[in-house]
Every structure is written in structure tokens, then in C-alpha cells.
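Two complexes are shown next, each including chain A; its partner changes from chain B in the first to chain C in the second.
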Partner chain A sequence: MSRIKDSITSFLFVVPALLMFIVFSVYPFLKVFQLSVFDWDGIARTMKFIGLNNFKNIFTLDNAFWISMRNAGFITFLALTFQNTLAFFLAHIVDSEIRGKNFYRTIFFLPPVLSGIVVGLIWNWIYNSDYGLLNKFLIWLGFSNLARAWLSDPQTALLSVSIIHMWKGFGWGFVIFLAGLQGIPRDLYEAARVDGASETQILTKITIPIMIPIFFLVSILTILGTMQIYDIIVSTTGGGPGFHTEVPITRIIASMLGSSRFGYACAQGIVFGLVLLFISLLQIKLSQNLRSE
Partner chain B sequence: MERIICLLVSVFIFIGCARKEQESGIVIWHWMTDREDVFVEFAKKYKQQTGVQVKFELYAPSEIYTQKIRAAAQTNTLPDIYGILGSKRDFASFIKSGHVENLTEQMELDGGKWKNSFFEKVVEANSFKPGNRFGIEPGIYGVGIDMMNIQMLYNKDLFKQAGLDPEKPPRTWTEFIEINRKLKKANIPGLVSGFGEIWLIECLANNFAFNIMGEKKVLDTYRGQVPYTDPDWMNVFELFDIMRKEEIIIKDSITMVNKSAEQLFSNNKAAFAFNGSWCINVYKGMNPSLNYAPMLVPKVSNKYPVRIWGGQGAYIVVNAKSSKKKQAIDFLKWLTAKEQQIILVQKTSNLPSNKEAISMIDPILREFSLGMNYITHPSMWNVEESPEVVEVFSKGIQSILIGEKTPQEVALEVQKIKLQKLKETK
Partner chain C sequence: MKNSSTGNYLFSNLICIVVAISCVFPLIWMISSSLKTQQTVFSDMSIIPSNPQWQNYYIAWTKGNFGTYFFNSVFYTVVVVFGIILIASMSAYAISKLHFFGKNFIFILLISTMMIPIPGAFVALYVLLNKLGLVNTRIGYILCQINGGLALGIFILKTFFDKIPKELEDAARIDGCNKWQAYLHIALPLARPAIMVVAIFNVLAVWNEYLLAMLILSDKSLMPLQRGLMVFQGAHITQYPLLMAGITITTLPVVVIYLLMQRHIISGIIAGALKG
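Now for the complex of A and B:
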């Protein structure tokens, strides 16, 4: 009897958190699914049931949505490769016995804590074709033919916003990699050095294999974070020129607020969520396979 | 005992999260950051004069505000007075859902005293006429607090620098091209605007379209009776291609937000800008010595008059479900009275919605007010282009401006989406 009473009391303690979770997470999640099968402007009291039409339109007519997915994929690819390589490289340097490592730690972690809008505005200034730092620097180096309107040129717009995103995001990977590297027992390195292993061998035979779970963690976080890029796009290009820097979130917001198609925006959100889920599951599976090997 | 205390704390937290019932006074939601200070001043003054408390609540930027009022509409938690951002369709949707009070009776009281204090265009923008396409009961539903129009601006000092007469801005397209060539020779950049915000592209293209083919044909296009591949529309697209070839538009402008464009123009970094009358206050803040004047969009054809977008600026509505409707309406009457409108004009440099306050405007605003004779606006038309078509249209023009697509390609793309939308509507 007292056990049941204890259980009820314990449950009562969980109730507030559970209610909050249901109200703020479960209900909106289910509501998105419900709205995705309606034609609704977000204001009207009545909604028109249209079945799976929104999904059909996404797959058959909405070219811009798939372009945005491809753009986000491109930025994610760059982030996974260049951003994470840089993050790992810097973490590896800071992990070794160098002077001022705390200073570097702080500096490298500064960009991630800045607001995306602020970062966008700073880089707008760097990329400006007229008074931008980048063009001035290129001209000073004698490469004036390379100077351009970086964010308005279709050849460079997506790459330019990718660089901003990587600059802002590499600090997260850096911190996680550094934590992982500091968790590797130092005596492993000492033993390897005693056995005559070179620094490259230590890196490839000890550090990297031990760090594989961390690599997967950082990869998943990078994919999920980058695919959902939004604030940097809004503060730099607004998705332009044309559709060159549109990303899924800008498309969803355009449907929701631009053309007042809430139901359609929810359907886009679901499709986007499923794509992210698929990528994450694939990543986990890959990680499990590698670990078992 | 400890457990009971913990449970009580949890319950109190939940109660604390509940919406606080307003005890007294009127609550107003708005997004106008530039008017926040003067609104707060008004609230104090109104309290002193009437004893009624008014609370202005600012939610910015406008995207956040838009989301907030839509969410509040769903949960019936809209304040006593609020503004609606969006198209006439959105305005109609709020009315249909019972969130907006019909103000016709109040406007018509005392021989239409309140209604007649406004400029006609302001009343028109807030009205739904008999037989309107939204099926709204005819009437006046909103209160305009200011007016605006969107024009081209030119920098007089840069004109002088290029050896041009600062009192003679280009009136025709040919003059516009010639002047830009002279400016280019003097290494002075041409036109800047926040074309990253695609509505500004739509606005400029629409100005050209009205001049080239007239209102009827433009609206017939929106009705689906004229294709975007029509030669007149091709002319409109080609104007942007000419601007690209002549390097008139500052390249960064194509993805720039209007705030950045305003910064460039105010820093004498461009000879022309395309901006709304609200810019006066912005430029005053950025560079008080900026020497500029508005000008109409250059005339491309003599067939039809030049039309610019304008009319009502910001407008607010009374919540039909508010228990303080009477108080809210009284406050709006006070807010739009001559005395308050003059203060608003002086502090924010916006064109007043009250006719009697127009005499108090400063010279540059007076020049802007001349443009009111040429205004048109989507909210005044009895047909609306689909937002998806507008997006492809404006993004297509961005592509023309960067030399990625030809006017023909863009016209075909726009027509394709137009047909798709027409099919969906049917």
C-alpha cells in the first residue's frame, strides 16, 4: 500500500514537467501533422481539409523547396568537411602543450556565442563590393579581377554564406573535440612515444580511432544545425539572388508568413523533418557499424 | 510536509504562468519601433487628460509581430487595439474571424466628423466596398495613423559632383539612363534599394508596368486574362535588363535589406534610392546633412500616367471581442486628432493621415506629399496577385539583374507559375 502511495506521490512530482512537455512539445508536434492536411491561412476559424494535396504539391510542383534543400545540403557538406576538419585541427593544437591555450580556447569559442544576425551584419560589411574588407584586401594583393559583390553574385553567394556559417559554427566542434581529446589517457601517448611512434602515427593509430564516437556526435550536430540554418541567411541575402541561397527554413517561413499557407508550411516542415530523421538514422547506423568493426 | 510545500510551489508556478487579466486601461500591440517613444508620451498625456490608462506593447521585428497576432487570434488573446501586417486578404481574414470591429457607425457620427478628418485614400484603404471579393460586410474597419508613398530619391550633392543640375532630376527613362552614364563617368554609383526584400522589386516593376500598359491591363494580368509573356510585360522585364547592362543598380543591392540600402544612400554612396517616405526619419538619424529630394519613377511611356505605391502607412484596428471597445475607439479618435497627428509628424517625419495636420510638415516631407497625387496600392485594387507568382516574378527580376536569366526566360517562368495557380484556383 505504501509502495503505491510512494509511486503516486512520485508521479505527482513529475506531473508539472510532464504537463509542460505535453503542452509545449507533444501537442505542437501532433498539431503540425494535423494542419499539414488542411488548407488554412493561419487566421480563419475554419480550415479546409485537402488530404495529402500539400505533400503532393511539395513533391511535384515546389521546385524552390528542393532547391533550398540542395543549398542546405551544400552548406552542410562544407561544414562537415572543412569546418569540422578545422575544428579538430585547432582542438588538437590546443590540446598539446602550447602557451596561451586558454586564450585560444576563448577566442575560438567567441563566434558561436554571437547572434547569427550580428554575425550576418559583420560579414555583410566584409563582403560588400564597394567598401568591403575582402575586396579591399584582394585589390591590395593585386587580385582586383577577383573582387566582386560576393553575396549578390550567383557564383559566390552560397559559398559566401557557407563560409559565414562555418566561421560561426566551428567553435562548437572545437569545444567537443577538445573535450574528447582531453579524455584520452596521456600514458597511451607516452607509451607510444617510448615505442618510437611518430606524431603522425600517434594521431592516426591512437587519437583518431579513440575519437570516432566524438566524430559522429559532432557530425550529427553539424548536420542538424546546418540544415536548419536561417538567421545568417536572413541577415545576409534573404535567400537571394534568385533562389541561390534559399534554405528549407526560409521556404517554410515564406509559405507561412509570405503567402499565408500554414497547412502547406506544416507539410514542408514534416518533409524536412523526415529528411533530417533519415540522415540522422543513417549516421547512427554507420556509427554502430564502425564501432563494431 | 516538505512534499506538500513542493507540490504547492509547483501549483503556484502554473498559476503564475496563466495570462494576467488586465485590470483597467487599453492595451495596444504594435511593431513600430521608430514610434515607440512618441506613443509612450501619448499614453502619459491621454492618462492626464482622461484618466484612462493606455499601454503600448511593442513587438518587433515585423515577422515576430505577425506571428504574435496570428497566434493571439487563434487563442482569442488579442489586445484591445492592434495592427495587422500583411495583405488585404489577411485583413479580411481577421475581420471574417470576428477579430475586427466595424467602425463605420463611429466614423459617420456627427455628419462623418471622424471619417472626414482623414485623407480619402486612408479611408479607402481601410474600407471594404459592397460586393468586395472577400465577402466582407461593407464598412470601414481600420484607422490609419499615417500615410506613405514610395518614390525614387536623388542625392543633390552627388548630382553637383557629377556636373549635373541638382534641381533637375530625370523625368523620363532616357534622361535617367543619360544621367546614370554621367554619374558613372564621375565614378558615382547609381541606384541603391533593399532589393533583397523582394517587395521593393515588385513595387518598382509594378510602377513601370502601370506606366507602360495602364492599370486595367496590369490588373487583367492578375486576373489571368493577360499573360506575363505579353510584349508590355516583356518591356517591364527588359527595363531591368537595361539597368543591369548600364550598371545602374549597385550590385550588392540585389540581396540587400532596405536598412543597409538606407545606410548607403545616407552616406552619399549612391546617387539614387528607391524608398518610402518613412526614410526621411531614417536619413535624419543617419546623416542629418544629407541633401536629397524625392522624384517620381522615370516615365518610360507617354501612353499611361506614372503610378507609385502609396496611401495608408500604418493602420490599427479595434478588437471586436474586447470588453473596452468604447474606450479603445475614443482613444483612436484622440490619437488621430489634429493635435496628436502634428506631434507624430514632428517627431517621426511621417505623412499624417489627418488632413488638417498636413500644413505642419517639413519641406522634404512636403515634396513627398506631392507624390500622393500619383498613388496606387495593391490594397486599393479589387484583385490580388498570388504571393507565389509575386515571388517568382520578383526573384526572376533579381536573376535578370545579376545577368543569370533573360527577360524571356523570366517571363516564361512567371507565366508557368501563374497558370499553375489559376488551375489551383479553378
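Now for the complex of A and C:
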């Protein structure tokens, strides 16, 4: 009897968390699936059941959604390659040669601490066509022909937004890479040097193989974080010009608030969620294969 | 040989310094512009304005409504972080130190939101809040965010409680403490470092949150800073010095907290990332 009572009073500790979880995580999670098969404006008392039509429309009619997916994919590709290469490169030099590790770590992690809105609004101004710093700098250098309205020119908008995102994000990778590098025993390097290995060989034969699990970790965080980019878009281009910087989250919000199609927004969310899940699983599979080799 | 490594060293330092400047410069530029006038802001390229317009901050704070936004942000941050720590530490403690049916299952369940991204969930969350009459209320915004921080909080705190030796608990229980007292007086004070990590992490997350604030809050009197910034920029897009003053008001607290607590923040991030 007392054991049951003991178990119950212990259980009481998790009740608040469970309640929150059920109401604010489980219910919305299930609700997304339910709403996705309805046509509903978010207000009307009755919802119209339309089966899988929302999904059919996403795959057949919704060009903008797939453009947004491609845009997010483009930013993600740049983040995976340029941003993470820069992060690793910086971590490697800070780890191996430089004094003031803490100084650099503090500074490089400053942009990730700022909000996406703040970062977007500041860069908005840097990119501004008439009085932005970037154009002023280009003109000062004598490249006035390169000056342009970076965020509203279809040719440069997506790239410009990507640069903001990478500026804000590389500090994450840097910090994690640096922690990984500092965990590598220095004896390994010493031994290799005694054996006559060059610095490049040490990097490619020792450091990089040890770091592979961390590369995977940072990649997966980069992919999930970048695909769901929103704040920076909203505070700079809002998705324009045209659909050039639309991303999946801006499309979902446009369906929801712009055209009041709540069911459709949920269906878009599910498709996008499945894409993310697929990428995550692919990554995990890849890293397992690499590890077992 | 010697020469090339010195060259390398200089080159490495140079790159790091250039990147460091690129990280800091936009912030310096933001502060500098916030102190210029509407007339000089586009022509005056100096870093330190000769005639700093401190009243820009007063105007942004009062007419720009940033005073209200600021207090809202402080309120939301304090309440949400307190809620997360309370609820997360209770369940983390129970899962780590107490016994009840199905606790491992509950643990996995509670932290599952950390692993599964559900990008459409905010649509349903909005529908739910609407049903509960919590759209455009402080409590609706607060509850969503407490829930958002629970999974990571429980994970970090449970890992920490696991490391506290059981003997401490047993001693307290023998001395006549009940579970609540043991949690409150023994476990919680010991967990202070982990609580710090959870707190700082969430202070940044709540302070910087925008999407939910945009969806849930439409009254200016309820909006936090990030939302207020977007409203201000929509209405006064050309008032750059005031906008920059608003951004500075939004950013400065975060930067100060970060600089004071950066060791906690960075070690928390590394611990979270490497374990996940």
C-alpha cells in the first residue's frame, strides 16, 4: 500500500511537465495531421473534409512551395560548405597556433547570440542601395558598377540573405569544432611530428578522421537550423523580390495568415517535416556506415 | 622553415582578426548610427559621432514605444525562465532520483520534442490558443514558451541529477525530509550550475523569440522587443537613427548577459550539442 502511495507522490513531480507536454506538444502535433485533410479558414465552425487534396495540391499546383524549398536548400548548401568550412578552418587555426582562444571564441559567438530580427535589420542597412555601407565601400574602392540594391535585385537577393545567415551562424560550428579539436590528445600530434609527418598530413590523416562524428553533428544541426530559417527573411526581404527568397516557413505562414487556409498550411508543414526527417535519417545512416567501416 | 611558420602564424592571426572585426563592426555601426541625426546618418561616416544625439534613445523609448516593449520582454523572459526551471527541475529530479511506474517512457516522451522537428506545429498551436481564448494574451505566449524550453531543460537537469550521489539523498531522507523537502533543500541548491546553464540558454531564446510573438500577440501593449522592432520598422522605415536606437535597446541586454556569462553559455552549448 505504502509503495503505491510512494509511487503516486513521486509521479506528482512530473505532472506539470506532462500536462504542458500533452496540451502544447501532443495536441498540436495530432491536430496538424487532422487539419491537413480539411479545408478550413481557421474561423468557421464547420470544416470541410477533402481527404488528401491538400497534399495533392502541394505536389501538383504549389510551385511557390517548391521554390521556397529550393531556396532554403540553396542557403543550406552554402551553409554546409562555406559556413562550416570557415568555422572549421578558424577553429583549426585558433586551436593550433593562436593565443587568446577565449577572446576569439567570445567574439565569434557574438552573432549567434543576437536575434534573427536584429541581425536582419542591421544588415538591411548594410545592403541598402542608396546609403548602405556595402555600396559606399564598393564605390570608395572604385567598383561603383558593382553597387546595387542587394536585397531587392533578383540576382543577388538569395545570396545576400545567405551571407547574413552564415554571418550569424558560423560561430555555432566554430565553438563545437573548437571543443572537438581541443579534445584531441596533443601526444598524437607530437608522435606524428617525430615520425616526420607534415602539418598537412597531420590535418588530413589524424585531425579530420577523428573529427568526422563532429562534422556529422554540425552538419545535421546546420541543415535543420537553416532549412527552418525565418526571422532573417522576415526582417530583410519578406520573401521577395517575387519568390526569390521565399522559404518553407514563410510559405506556411502565408497559407495560414495570408490566404486563411489552415488545413493547407498544416499539410505544407507535414510535407516539410517529412523532408527534414528524411534528411536527418539519411545523415544518421551515412554516419553509421562511415563509423562501421 | 622558421620563416614559413612565422608567416603562417601572422596569416592565421590576420584572418582571425578580420573575421573578428566583421563580427563586431555591425554592432558598433548600429550604436554609432543610433547617435546621429536623421540628416547626418547617411552622410556622416564617423564611428564616434561628434555630436551624439542621446535624445534618440528617449524618443525611441517613449514615442517609439520601446519602453513598453522592453518591460514586456523582461517580464516574459523572467516568467518563462522561472517556469521552465521549476517544472523541468521537478520532473528531472523525479525521473533521476524517485521511482514510479513508466518513468523511463515518460522521460523519452518529454524529451522527444528535442529530436522531432514539426515545422507546422505552430499552426495547430495557434488554433489551440484560439480555442482556449489565449490568443493575444500574455499567458498564452508564456505557456507556449515554457513548453518550448522544457525538453532541453529536463534533459540537462536530469543528466546533472544523475551525477549527484544517492547517499546525499538517503541521508536527508533518514533525517526526516520528505521528497519535496529533499528536492527543494538538497537537490535544487546542488544543481545550481546546471540551472544556470538552463536559465541563460532560455533567457537568450525567449528574449530573441519572434515567430510566436508575431502569431499570438497583436496588441502593442503586449508585444516584446523583437515584435516591436518589426512594428516600428514597418511604420517608420526611414527613421534610421531611431530604429538603430531601438535595435540597440533590444540588443544591449543580451550582449551584456552574454559577455558576463559566456563561459556558462558556451559550455552549455557544447554539452548539449555533443550529447545530443
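Here, the second predicted complex is superposed on the first by the 275 of 293 C-alpha atoms of A that agree within 3 Å, B and C clash if a C-alpha of one lies under 4 Å from a C-alpha of the other, contacts with A are read in each partner's own complex, and residues count from 1 in each chain.
Keep in mind that, in the parts below, a residue touches a chain if its C-beta (ideal position, glycine included) is under 8 Å from a C-beta of that chain, and two chains touch if they have at least 3 such contacts.
Values in this document were obtained by computation on a predicted structure and should not be read as measured data.
Enquirer: Mind checking the superposed model to see whether chain B and chain C fit together on chain A or clash?
Expert: On the shared chain A, the partners clash.
Enquirer: Of the two partner chains, chain B (first) and chain C (second), which one does A:I139 touch, if any: first, second, both, or neither?
Expert: In the superposed model, A:I139 contacts neither chain B nor chain C.
Enquirer: Once chain A of both complexes is superposed, is A:G42 in touch with chain B (first), chain C (second), both, or neither?
Expert: So A:G42 meets both chain B and chain C here.
Enquirer: In the superposed arrangement, does A:Y230 touch chain B (first), chain C (second), both or neither?
Expert: A:Y230: touches chain C, not chain B.
Enquirer: Pick one for A:T9: touches chain B only (first), chain C only (second), both, or neither.
Expert: In the superposed model, A:T9 contacts both chain B and chain C.
Enquirer: Touching A:I208 in the superposition: chain B (first), chain C (second), both, neither?
Expert: In the superposed model, A:I208 contacts neither chain B nor chain C.
Enquirer: In this superposition, which partner touches a larger number of chain A residues, chain B or chain C?
Expert: Touching more residues of chain A than the other partner does is C.
Enquirer: Touching A:A191, do we find chain B (first), chain C (second), both, or neither?
Expert: Neither chain B nor chain C is touched by A:A191.
Enquirer: Between chain B and chain C, whom does A:L286 touch in the aligned arrangement: first, second, both, or neither?
Expert: Touch status of A:L286: no partner.
Enquirer: For A:L52 in the superposed arrangement: first (chain B), second (chain C), both or neither?
Expert: Neither chain B nor chain C is touched by A:L52.
Enquirer: Given 6-14, 60-68, 132-140 or 186-194, which one is the stretch of chain C whose C-alpha atoms run into chain B?
Expert: 132-140
Enquirer: Residues on chain A in contact with chain B in one complex and with chain C in the other?
Expert: Comparing the two interfaces on chain A, one with chain B and one with chain C, the shared residues are 9, 13, 16, 42, 130-131, 235, 257.
Enquirer: Which chain A residues qualify as touching chain C in the complex?
Expert: 6-11, 13-14, 16-18, 20-21, 23-25, 27-29, 31-32, 35-36, 42, 86, 90, 93-94, 97-98, 104-111, 113-118, 121-123, 125-126, 130-131, 133, 136, 167, 171-172, 175-176, 179-180, 214, 217, 221, 224, 228, 230-231, 234-235, 248-249, 252, 256-257, 262, 265-270, 272-273, 276-277
Enquirer: Give the list of chain B residues in touch with chain A in this complex.
Expert: 3, 6-7, 10, 13-14, 63, 66-67, 70, 73, 86-87, 89-90, 93-94, 96-99, 189, 195-198, 250-257, 260, 269, 386-388, 391, 395-396, 398-399, 401-402, 404-405, 420
Enquirer: Can you list the residues on chain C that touch chain A in the complex?
Expert: The contact residues of chain C facing chain A are 8-9, 12-13, 15-16, 19-20, 22-24, 26-27, 29-30, 33, 42, 45, 86-88, 90-91, 93-95, 98-101, 103, 106, 109-110, 113, 116-128, 130, 143-144, 146-147, 150, 154, 179, 183, 204, 207-211, 214-215, 226, 229-230, 233, 240, 243-244, 247, 250-251, 254-255, 258-259, 262, 265-266, 269-270, 273-274, 276.
Enquirer: Help me check something: in the complex, which residues belonging to chain A touch chain B?
Expert: For chain A paired with chain B, touching residues are 9, 12-13, 15-16, 19, 41-45, 61, 64, 124, 128-131, 148-149, 151-154, 157, 235-238, 240-243, 245, 253-254, 257-260.
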